[in-house]
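Okay, so chain A shows up in both of these, paired with chain B first and chain C after.
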Partner chain A sequence: MLLQSEIASILLNGLQQGAIYALLGIGLTIILGTMEFLNLAHGALYLVGAYTGLIVFQETALSNGLLYSLGITTMGFEGGFLAALVIVPAFGFGVGLLMERFVAEPFYDRPETDQLLVTFGLALIVEETIKNVIGGNTFQSIAPSTIFGVNVSQPISLPLVGLFPSWRLIIIGIAFLVIGLTYLAIERTDFGLVVQAGTRDSEMVRLLGIKINRSYSLVFALGAALAAFAGLIGASIQTLSPQIGMDQALIPAFLTIVVGGAGSVRGAIAGGLVLGVIVSAMTQTYSQWAQIVLYLFVALMLIFRPQGLFGTAEVGE
Partner chain B sequence: MNDEEIATDGGAVADTEEAASGGSGIARLRERDDFVVIASAAALVVFPFLLVDVLGAVGDVIGISIGGYAGLPSLVLIYGIIVIGFNLLLGYTGLLSFGHAAFFGSAAYSAALFSQVVPSPILMVIVGTIVATLLAWPIGFVSIRRSGVYFAVLTLTFGQALYFWALGPGSWLTNGDNGFSGIEAHGLFVGAVPLDTQLVPVFDSYTVMYAFAGVMMLIAVWVGNRIINSPYGLIFEALGENEERVEFVGLNVFRYKLMAFVISAVFAGVGGAMFVIHEQYIHPTTGLYWIQSGDFVIMTVLGGTGSLVGPVFGALVFEYVANVVSGVSLPMIGSIGSLWRFVLGAVFVFIVWVFPRGIYGAFSDLGARITGGGGDGNQPAATDGGESE
Partner chain C sequence: MARETTALSRRDVLKASGAAGAAGLTGLAGCAGGGGDSEYPALGNYPVEGDEVVFGFNVPQSGSYSQEGADELRGYNLAVEHLNNGGGWVDNWDGLSGDGVLGKTVTSVEGDTATDPDTARQSAQRMINRDNAIMVTGGSSSGVAIAVQGLCQEEKVLFQCCITHSNDTTGSECVRYSFREMFNAYMTGQALAPVLAEEYGEDLNFYQLYADYSWGQTQQASMEQFFTDVANWSQIESVPTPLGTSDYSSYLSDVPRDEADVLVLNHYGLDAANSLPQAIEAGLDQDMEIVVPLYNRLMAEAASGSIDGIFGTADWNWQLEDDASQSFVEVYRAEHDRAPSYGARIAYTQTLQYAAAAERAETFYPPEVIRELEGHEYSGAGLGSESMRGCDHQAQRDVLVMQGASEEEQTEDKLLNIVSQTSQDDLGYACDAGPAAECELGEYGDE
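Coming up: the complex of A and B.
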């Protein structure tokens, strides 16, 4: 019974961590797949999401902040996180549009190392800006204690698992809702069709008379919005510091698409979940080895199955 | 880059007839080993004086401390050695590694551990370099099989695995999060000449440590120049331009890429061991964390990937900004402090954007334009015209 509950809690934690990886991975992979553009600033977008979430959360809190100073204190529920759920992805979308127009576009035709370098520099700038404007110190996670009057800070008892933080369950639900919607948008809509065709052969799509440049902006912005959303989710369960953009977002995102296969949305979801479960299993057993096993797993994956779980070998090679 | 550059460089190595024309004569002189080493030696002799004393005097006049400190010139040389090797990989062979901290750090750690047995600086460098080389072989062997972003990610994953190993499970050997501090190297010639001995009484930046780093730098420049101007180095360059073409010529691409990787790791190993001797401490975050690899990338690209010594200028700018500019307090803006990385990031993006050949490339283009050498095929300006794709 103990063993069973351990496995169940590893899987649940893995699901929650994997959801963040998958959100990041989808964004990175559609940008890489469609535009063949390697975005090392993807972690910076996560950071933007996390800190925008923090600011929105603080400013809309009941006891202080902007809303409080406006005299609005009787909303009846903690609206901060719900507001952030809307504002953060929208903001990320806007940042993505700007980034595509001003940073990515001039580099589409340059060598891929130049793309890596310029986005790496951009990531540095974003990280340092946050450090200097908001501060380099860590912030507590921004999980709300109640939503619509329902207490979400207490753990609830689940069959098999035992006590599990109810907020994390909600997070898993929201994250997979977004992942599912993104998946449907790419698999079932015309826009998704163009994106998918673009990942295979963008030249051909252009020849067919489709304005792929407009799709480029949308894809980039969608990827950025997903990264920002992942940042918000991450900020609600982990402490925040400017370093997390690189360590907890950029590198895992890359590992995710390497495992899943570059250019594949399905691969990013599967890869994220696999890595999430590995990290959660190792953290609960031999936590010192968690990161090492994660990296070595990805290295083995690259050696023995370079195309990933669902990818084709050409993208990004 | 295009075919022209292979042709011109190839001509410089193989042909002797072109020496008659003036432009190629200068170009040929610039490539000769003894000229490069003597010019570098001359630069190394005046470098600490300019960096610490002249800038310090200027700083005194305008009231801002912009000189260096006595140890800065050696530190710049140490990173300079590393990026000369890193550039052989990134600039010439076209492989972007995000895992070179592994070689830097493993050399630093093994030198630190070895110093507890035999505190000889030269032996520390040798041991560190051997360990870095032995580590580079398997990592390179595996990573080289993939190209582009996969190569970068593979090197990164190995580097990070080593970092987390050093922090956690490997702490019995690496001392974990505490790192090593107070590492003492006794001095050159069986401890007879301590490293902090001053060579020139008045200028305290001319120490034995600086001379040691300077000699290592000259060796690095000589070896680097030797490689770049040899047929072997030409293959590296050809790989950076078009791997398929090299393969169709019938060369073993894998072997050359692996050698480029291992050679660059040797330079990183020398630098890592020198770093420990100079700074007397090592910690996983300084030695093995991937940001350190990123710093090598920044230095190399900042300085310029198109030439042998270009990256050294990047190391100079990077370390100068990190160690001196960060401490400067300006009249209007106030203390720069932690803003230095922001400034560096902005400069980095600007350089990548506007001058893909870095600071050194931009200056040599400017120099070529002033001397009107644009028409000659062997001048840097002409090869640059081909390079900006």
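Coming up: the complex of A and C.
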């Protein structure tokens, strides 16, 4: 493979993987930064998103499922995934609200070890519940084959890269659209201002008379919605099984915020992309070293820049 | 059977000398054992006390191969039910009568290997020490099988392999206390290479991805050997991928589309369920043929839209028309409402094999059970005539070459078509060749 096309291919694969890391990282980082709450159930939210996506995808598939049983057999396009794009983040948002109220809030003032234990326990409960309710089966990825009549199951030819799965190109676009909107919401809105201020000094925000508890709920729910959305994106390219929350989401999410810096949305985006490209580059060149180099890179970040790329030294102290 | 006669006479000799000599010297503990089975010294979990005998089913209930584990358990539980109450193959296999084993009711304990050798070893250790399992069985993942069979050799408890396809299991890592019904990667290469050469032609270039652990490594080596020697193909490159990889896109991006004629995906379980659809998604099937040397149902189900026409091998398939296969399919379907996978068949077979050997030996004393299994010939396991070879404990049996069915052809049970049943006469290797050349079985425990 030519060097230019190899680099292009690494970047594109890295972008796709990095987008999922960034989505996870943003969710985790705003919860950690704002509330100083370590959420080990973040992977479980990814899992919830993936399975909700699966159910929505199946139930709205027009050849069978709920809509079919109601007599709706044509919508002009393959509606399952589009419906999931709306329903999954909304459901994740709802789960986040409940989780903040009933799991996180009682533990805000408790030691971090308690937070870790309760959220890890919650992650296990979610995983086991899915195993018991839906089963431990593996499900096929839920990518649609057409969108608005356009075939997206075939690869398309890109300059330099060559053939690339067209669905992956689309999800890169969708993921970065959501990342961009989240970034704007946090950088350009009053809500975002409160979130940002909260990540720096929540006491001061409270003293200014801002009802930060309501913001806490919204931040937590937004983080959960992003994790669920990442799960939906992941489920569209990989098979689903109950362990993906731990394996594919939780660790990458933490690595992302270590690299990007806790509490920084910009950092989560940068961290996700950096990690995505590292994994992609190593896999494509020296695959056996991929994991070692990944963790080595994170370790070096911790040693030489513990606050991460965009983090502030105060956060987490 | 002639085999049983010789085994019986050997056992009689041992009884006579053992009662007077070995038992007296090696310890009297065994002599206090119950169940009228006390002519041998205590060894491992022998003698079996009480009215029940415990089998340990150590399967992956989590991790990459967890669905295989669920199917294995279904096979194991069916075997226990039939051993205790009759039915299934019990009625057709010599020595088994459907009233337990050696007059004892069979009970079982289950463990989760988590598809991880260390966890599996700990789980098996618990079964041996706490539950007094007289036999442990399980797999999937050769890494797990090799770890557990090593432990079983140390503990003098029999291990009946389930899904394990690495050459090492009955090759360099073989042990006296383990037996394998499943075929191995070497035999996959022998069965697959001629079919592929005929189908795709000679002088092709192939590129391999393989799961980076015991199974994947021997699988890769066997494919390289037979595709090169038999099909006359050339390997471009062979790339390891970590077990449990979910996104193969970077590995697949690196496959040289211009050079490669065949892409060999040496993945299994969840890994294969990801790598194959992703290869198709990337359009690699437009530029080259894809081969999945070892099929399994999980992968075929998860990748159902992608397996059309793809070749591989399988341990067994419910579509085989012989009486044994069909009777197993019938009892399994009655219980679980669908056809069994090959994982269920191996689990069922290996459990019955142990039970029948104990019945023939008339004791649970491990060395005697081992001697009954070594060289035993049998034909009721759905693959025609088979034998459990004494020199490496590898079953000598036929291998099925399969091809993925088209989407229109596929049903819940039928995902693959049987292309051919390669006779064992065309497979295998001598005791001093292939993986067996590296096998040293170790001790019986009564030397």
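Worth a mention:
In the analysis below, the second predicted complex is superposed on the first by the 315 of 317 C-alpha atoms of A that agree within 3 Å, B and C clash if a C-alpha of one lies under 4 Å from a C-alpha of the other, contacts with A are read in each partner's own complex, and residues count from 1 in each chain.
Simple rule for what comes next: a contact is a pair of C-beta atoms (placed from the backbone, for glycine too) under 8 Å apart; a residue touches a chain by one contact, two chains touch by 3 or more.
Values in this document were obtained by computation on a predicted structure and should not be read as measured data.
With the C-alpha superposition on chain A as described, chain C and chain B clash in the combined arrangement. Looking at the shared chain after the overlay, A:306 reaches chain B, while chain C stays out of its contact range.
With both structures placed on the common chain, the touch criterion links A:162 to chain C but leaves chain B unconnected. In the superposition on chain A, contact is made by A:251 with chain B only, not with chain C. Looking at the shared chain after the overlay, A:114 reaches chain B, while chain C stays out of its contact range. When the two structures are aligned on the shared chain, A:124 is found in touch with chain B, with no touch to chain C.
In the superposed model, A:296 lies in contact with chain B only, and not with chain C. Of the two partner chains placed by the overlay, only chain B lies in contact with A:38; chain C stays clear of it. Contact with both chain B and chain C is seen for A:136 once the two complexes are overlaid on the shared chain.
In the overlay built on the shared chain, the residue A:183 is in contact with neither chain B nor chain C. For chain B, the stretch among 277-285, 295-303 or 331-339 that collides with chain C in the superposed model is 277-285.
According to the touch criterion, the shared surface of chain A, contacted by chain B in one complex and chain C in the other, consists of residues 136, 288, 291. Partner chain C is touched in their complex by these residues of chain A: 1, 9-10, 13, 16-17, 136-141, 143, 153-155, 161-165, 167-168, 237-239, 241-244, 247-248, 279-280, 283-284, 287-288, 290-291.
Chain contact summary for the complex, chain A toward chain B: residues 32, 38, 106, 109-114, 116-118, 120-122, 124-125, 127-129, 131-132, 136, 246, 251, 254-255, 258, 262, 288-289, 291-292, 295-296, 298-299, 302-303, 306, 316-317.
Residue ranges on chain B touching chain A, taken from their complex, read 90, 94, 96, 142, 145-150, 152-154, 156-158, 160-161, 164-165, 168-169, 290-291, 294, 297-298, 301, 338-339, 341-342, 344-346, 348-349, 352-353, 356, 389. Chain C meets chain A in the complex at residues 61-63, 66-67, 70, 212, 239-242, 244, 246-247, 249-251, 253-254, 256-257, 270, 273-274, 277-278, 281-283, 286-287, 298, 301-305.
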